[in-house]
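Below you'll find the structures, each written out as structure tokens.
In the two assemblies presented below, chain A is common to both, partnered first by chain B and then by chain C.
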Partner chain A sequence: MDQNNSLPPYAQGLASPQGAMTPGIPIFSPMMPYGTGLTPQPIQNTNSLSILEEQQRQATQGTSGQAPQLFHSQTLTTAPLPGTTPLYPSPMTPMTPITPATPASESSGIVPQLQNIVSTVNLGCKLDLKTIALRARNAEYNPKRFAAVIMRIREPRTTALIFSSGKMVCTGAKSEEQSRLAARKYARVVQKLGFPAKFLDFKIQNMVGSCDVKFPIRLEGLVLTHQQFSSYEPELFPGLIYRMIKPRIVLLIFVSGKVVLTGAKVRAEIYEAFENIYPILKGFRKTT
Partner chain B sequence: MNNTAASPMSTATSSSGRSTGKSISFATELQSMMYSLGDARRPLHETAVLVEDVVHTQLINLQAAEVSQLRGARVITPEDLLFLMRKDKKKLRRLLKYMFIRDYKSKIVKGIDEDDLLEDKLSGSNNANKRQKIAQDFLNSIDQTGELLAMFEDDEIDEVKQERMERAERQTRIMDSAQYAEFCESRQLSFSKKASKFRDWLDCSSMEIKPNVVAMEILAYLAYETVAQLVDLALLVRQDMVTKAGDPFSHAISATFIQYHNSAESTAACGVEAHSDAIQPCHIREAIRRYSHRIGPLSPFTNAYRRNGMAFLAC
Partner chain C sequence: MASTSRLDALPRVTCPNHPDAILVEDYRAGDMICPECGLVVGDRVIDVGSEWRTFSNDKATKDPSRVGDSQNPLLSDGDLSTMIGKGTGAASFDEFGNSKYQNRRTMSSSDRAMMNAFKEITTMADRINLPRNIDRTNNLFKQVYEQKSLKGRANDAIASACLYIACRQEGVPRTFKEICAVSRISKKEIGRCFKLILKALETSVDLITTGDFMSRFCSNLCLPKQVQMAATHIARKAVELDLVPGRSPISVAAAAIYMASQASAEKRTQKEIGDIAGVADVTIRQSYRLIYPRAPDLFPTDFKFDTPVDKLPQL
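Take a look at the complex of A and B:
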């Protein structure tokens, strides 16, 4: 499969903290192997080791001017095969993100981990919720409270809301692949119950990531200098709510150094947002 | 009308007589709250008791229940409270901002935890921006000149809030990690965290017309704002009290304090710690006295919410 230069560049004009223009970052879709930068080397197979080698080769070639190598998880499969669970690596993989080479910047070395993914899919047919609730395992349906069936599966550990219109919301997955896989599993369950379920318009609606910068942060200083973006009402919520414009992500920053990022549609946004905020947070590090 | 200069003191003493009968006291929480708002590391207990009194009196005297009764309603709703605050635009805007932030925060936190997401869906009603809608609809209905609605688009900087933020920033800059952790915890204290205690403190159960959930949130916020205002003003008063060399008005300023220093009660309160940076009860009283003092030919007759001679700090 020749995937040379077929990756559409991400929105142009993304500003890094130093204001340097980064070349386009590839859009992640669940079907694409991650971390393929805009380098001309063809990516033939999805063997994780070869991708790793390739990345390292690219790094040593000093193609830093070309594309920011984005962190990729060592997915073994790109096509979610129903019934198999892709192996997910431990969060700390050997690859660290190499940010665009500007001498002043240094990569934080911390990678946010995805905690929750919300996705929607259209099963394409009207459903009888009562039948589903009666015959499926792990399904709840309380029409007086809410007009949808709540179904749960254990692998990947997710919850789905299935509506009579055929639309479904899937929450709780820890990665895009898992979310898609889970959604397919729910679709299969519905199919087995006799409905002509399809798998249309799968879309990831929201991604939540979190990480820890490992130092305490002086939020009062941050809220004062970044007033237009932040709001900090400790009586209401112990964290500072930071609304980043580019990318459009909301970050919850806590005194302990924990950062939660939400509102992303693609994984790259979370990483980018974190790389943007990290130097700012370092500036407000609470030293003893 | 018994709104003489002595009345804030006398109401304070009379209501403090009442308060010893009350079993619920927020004094310890108030001490933490005052620390987080700019007071010294360990605010005085007497100051906290006095502040508690002031806040309690002010909230009771809001007489929001009367407004609801006028409407013929059975519950005190946020609309009643917004109505009472309509005269002071800055404070109203701060309240509105608070309500919006509350909505926004619940929206975000909901997206993070999947259980929250389910809970919200299950509750059925469209909770998003609930408070904002309430506020907007109500202000729409009472707004005659269009200036209240203009507040929604208004993006002016709230000076008082700005000052508080700067003060907090200055305070925290010199702290070390442990102190800062403590400071953050104090900042998180609020009346809304202790909702049931707050309800009992206000003696809601004996009221005929009770506030609903959102109204209670607003009351908790108003209580917090009152405390914050008191601390702001008291800090200013304390700053004034320090006579600066070369200040041409220093002899005039100290003149206003003479009556306090002569009275036996306040010397007992003020005279104790000369070195402590904590806010003293006399600062609080002076702050209230100055705040209630309106200068002008018609001042005794203008303020419509004045009851018992104490002007409202929060609205």
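Take a look at the complex of A and C:
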């Protein structure tokens, strides 16, 4: 991107996408510096950040591309880091990390991407599936196989199962807003067919996210230490199934470093679960 | 167990000289003896074993055992299997010609399903020659059955899963496919029950390794000991060097056996190995391709090559 050329080299990282990050998400941008007043200093860093991140930061003073920053920062300013590092009086401003995590851990710069959202809504009236199937486009109905009409729309690419009781399940959306919008579109289709459809009790039932930690993982080690949460049976499934208790999320962890998180009702649970598992996975990184 | 609880209610016999001594039971004489002074305290103890004089005659119809099977207190509660024999005289038949006294009242109705499952477990274990795991399997099944958390599942599925877990716990794991071969339950269902049982009993099992299956697969393929040892070494090295990340240990073991057998005089085809191991031959091919580049490093140092390493088949 040519806007990179105008910025100083160390701030180029702000414009470049980071891993799995989409620029659309306002809150969780990995390129958060500490805000204007708290520019990271090499000397001050040791009391709050790990040595590794300090080394990374020192390395990136001269090179372009930022090290992954803590992204729970409240400030949204993207002020470029100064080239020369002015020495701030270190004891006065404690460099408390802005993340709620323990000070010894650094947060990953990786944000899980949502892949699928399943939601349900009640249309509030009994439906005649045969007329819906005959008159609506992109609808299939095979009562011998399954007792619902399967309808698909293209705009948020989703599939809906519409039951004769008036309840509907909408799957395939990539974000909560898209899921709600798609459900509304299906309700509209049903309404246009002549049924008095309403939009009651829209609820997201399940959210699936995935991400990549970018290093291979020793699953055998993980299953030995976290026996009560993990289940790893290579004969049955090649991934390790980790059932986290604190946000009740199931994670599928693979040798390649890809992680799938599912079972969440809200987006924050997925993020929290990934933040919980990331330090554990780092401990089981394959060294070769 | 009903019998012991009734004994507890009765006044316990103690040696008059040593009231604290625990009496030793002598089954042969039917006595209870004080270990301190040797006094015979209680006599005429009922022997709950099977009838002493059961011979395996040809006259199998007339069962000479008059007290029934030996009591199995560990597994079924209170198996008091007194049975009414077939009537012989005229008095035992009523006017229609049926026997007056029906035989085999429900002897242990609460555990009929459990006894059925034990029979099934014995049959399955017998098919794959596992006589020693039966006790452990029966115990596991009894624990699961009493917990009732898996009550909805087919008993055969739970029995197969218990057999699988028992083999794992004894250190001689069998693959799911091997258990499938002797059971009518699908691998998927056995896998589900396996996970549920581990959760219900709050136990865990060790991870399977490639070496667990070497001796069985190699002897089924009639491979000599050097080839088996070479294959074990190859598989272990392959896992250590992380040449096969994410592959099932069974597939890696099968590929190692293929490589070792192809380097020796006793060559086996991928199909043969696949049949024995329960692995598809394309899977063996895939894993073999991963270990083939490092073949010289994987063989043990004292291996006698019939086909040298560079002439190994490349797939």
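Simple rule for what comes next: the second predicted complex is superposed on the first by the 188 of 288 C-alpha atoms of A that agree within 3 Å, B and C clash if a C-alpha of one lies under 4 Å from a C-alpha of the other, contacts with A are read in each partner's own complex, and residues count from 1 in each chain.
Just so we're on the same page, contacts are C-beta pairs under 8 Å (C-beta built on N, C-alpha and C of every residue); 3 or more make two chains touch, one makes a residue touch a chain.
Values in this document were obtained by computation on a predicted structure and should not be read as measured data.
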Chain C versus chain B on the shared chain A, clash or fit after superposition: clash
Chain A: partner with more touched residues, chain B or chain C: B
Which superposed partner A:Phe146 touches (first chain B, second chain C, both, neither): first
First, second, both or neither for A:Asn206, with chain B first and chain C second: first
Chain B versus chain C as contact partner of A:Thr171, first or second or both or neither: first
Partner chain(s) touched by A:Ser107 [first = chain B, second = chain C, both, neither]: neither
First, second, both or neither for A:Gln191, with chain B first and chain C second: neither
Which of chain B and chain C A:Asn122 touches, first, second, both or neither: neither
Chain B versus chain C as contact partner of A:Thr131, first or second or both or neither: neither
Contacts of A:Gly221 with chain B and chain C, given as first, second, both or neither: first
Partner chain in contact with A:Val255 - chain B first, chain C second, else both or neither: both
Touching both chain B and chain C, residues of chain A: 216, 220, 223-224, 231, 233-236, 238, 255, 286, 288
Residues of chain A defined as touching chain B within the complex: 115-116, 118, 145-146, 148, 150, 159, 161, 171-172, 206, 208, 216, 218-221, 223-224, 231, 233-238, 241, 250, 252, 255, 260, 262-263, 286-288
Touch list for chain B against partner chain A, complex: 36, 98, 101-102, 104-105, 108-109, 111-114, 117-118, 121-122, 124, 165-166, 168-169, 171-173, 175-178, 180-181, 184, 187-190, 192-193, 224
Partner chain A, residues of chain C touching it in the complex: 175-176, 191, 194-195, 198, 204, 207-208, 241-242, 245-250
Residues of chain A touching chain C in the complex: 216, 220, 223-224, 227-228, 231-236, 238, 254-256, 286, 288
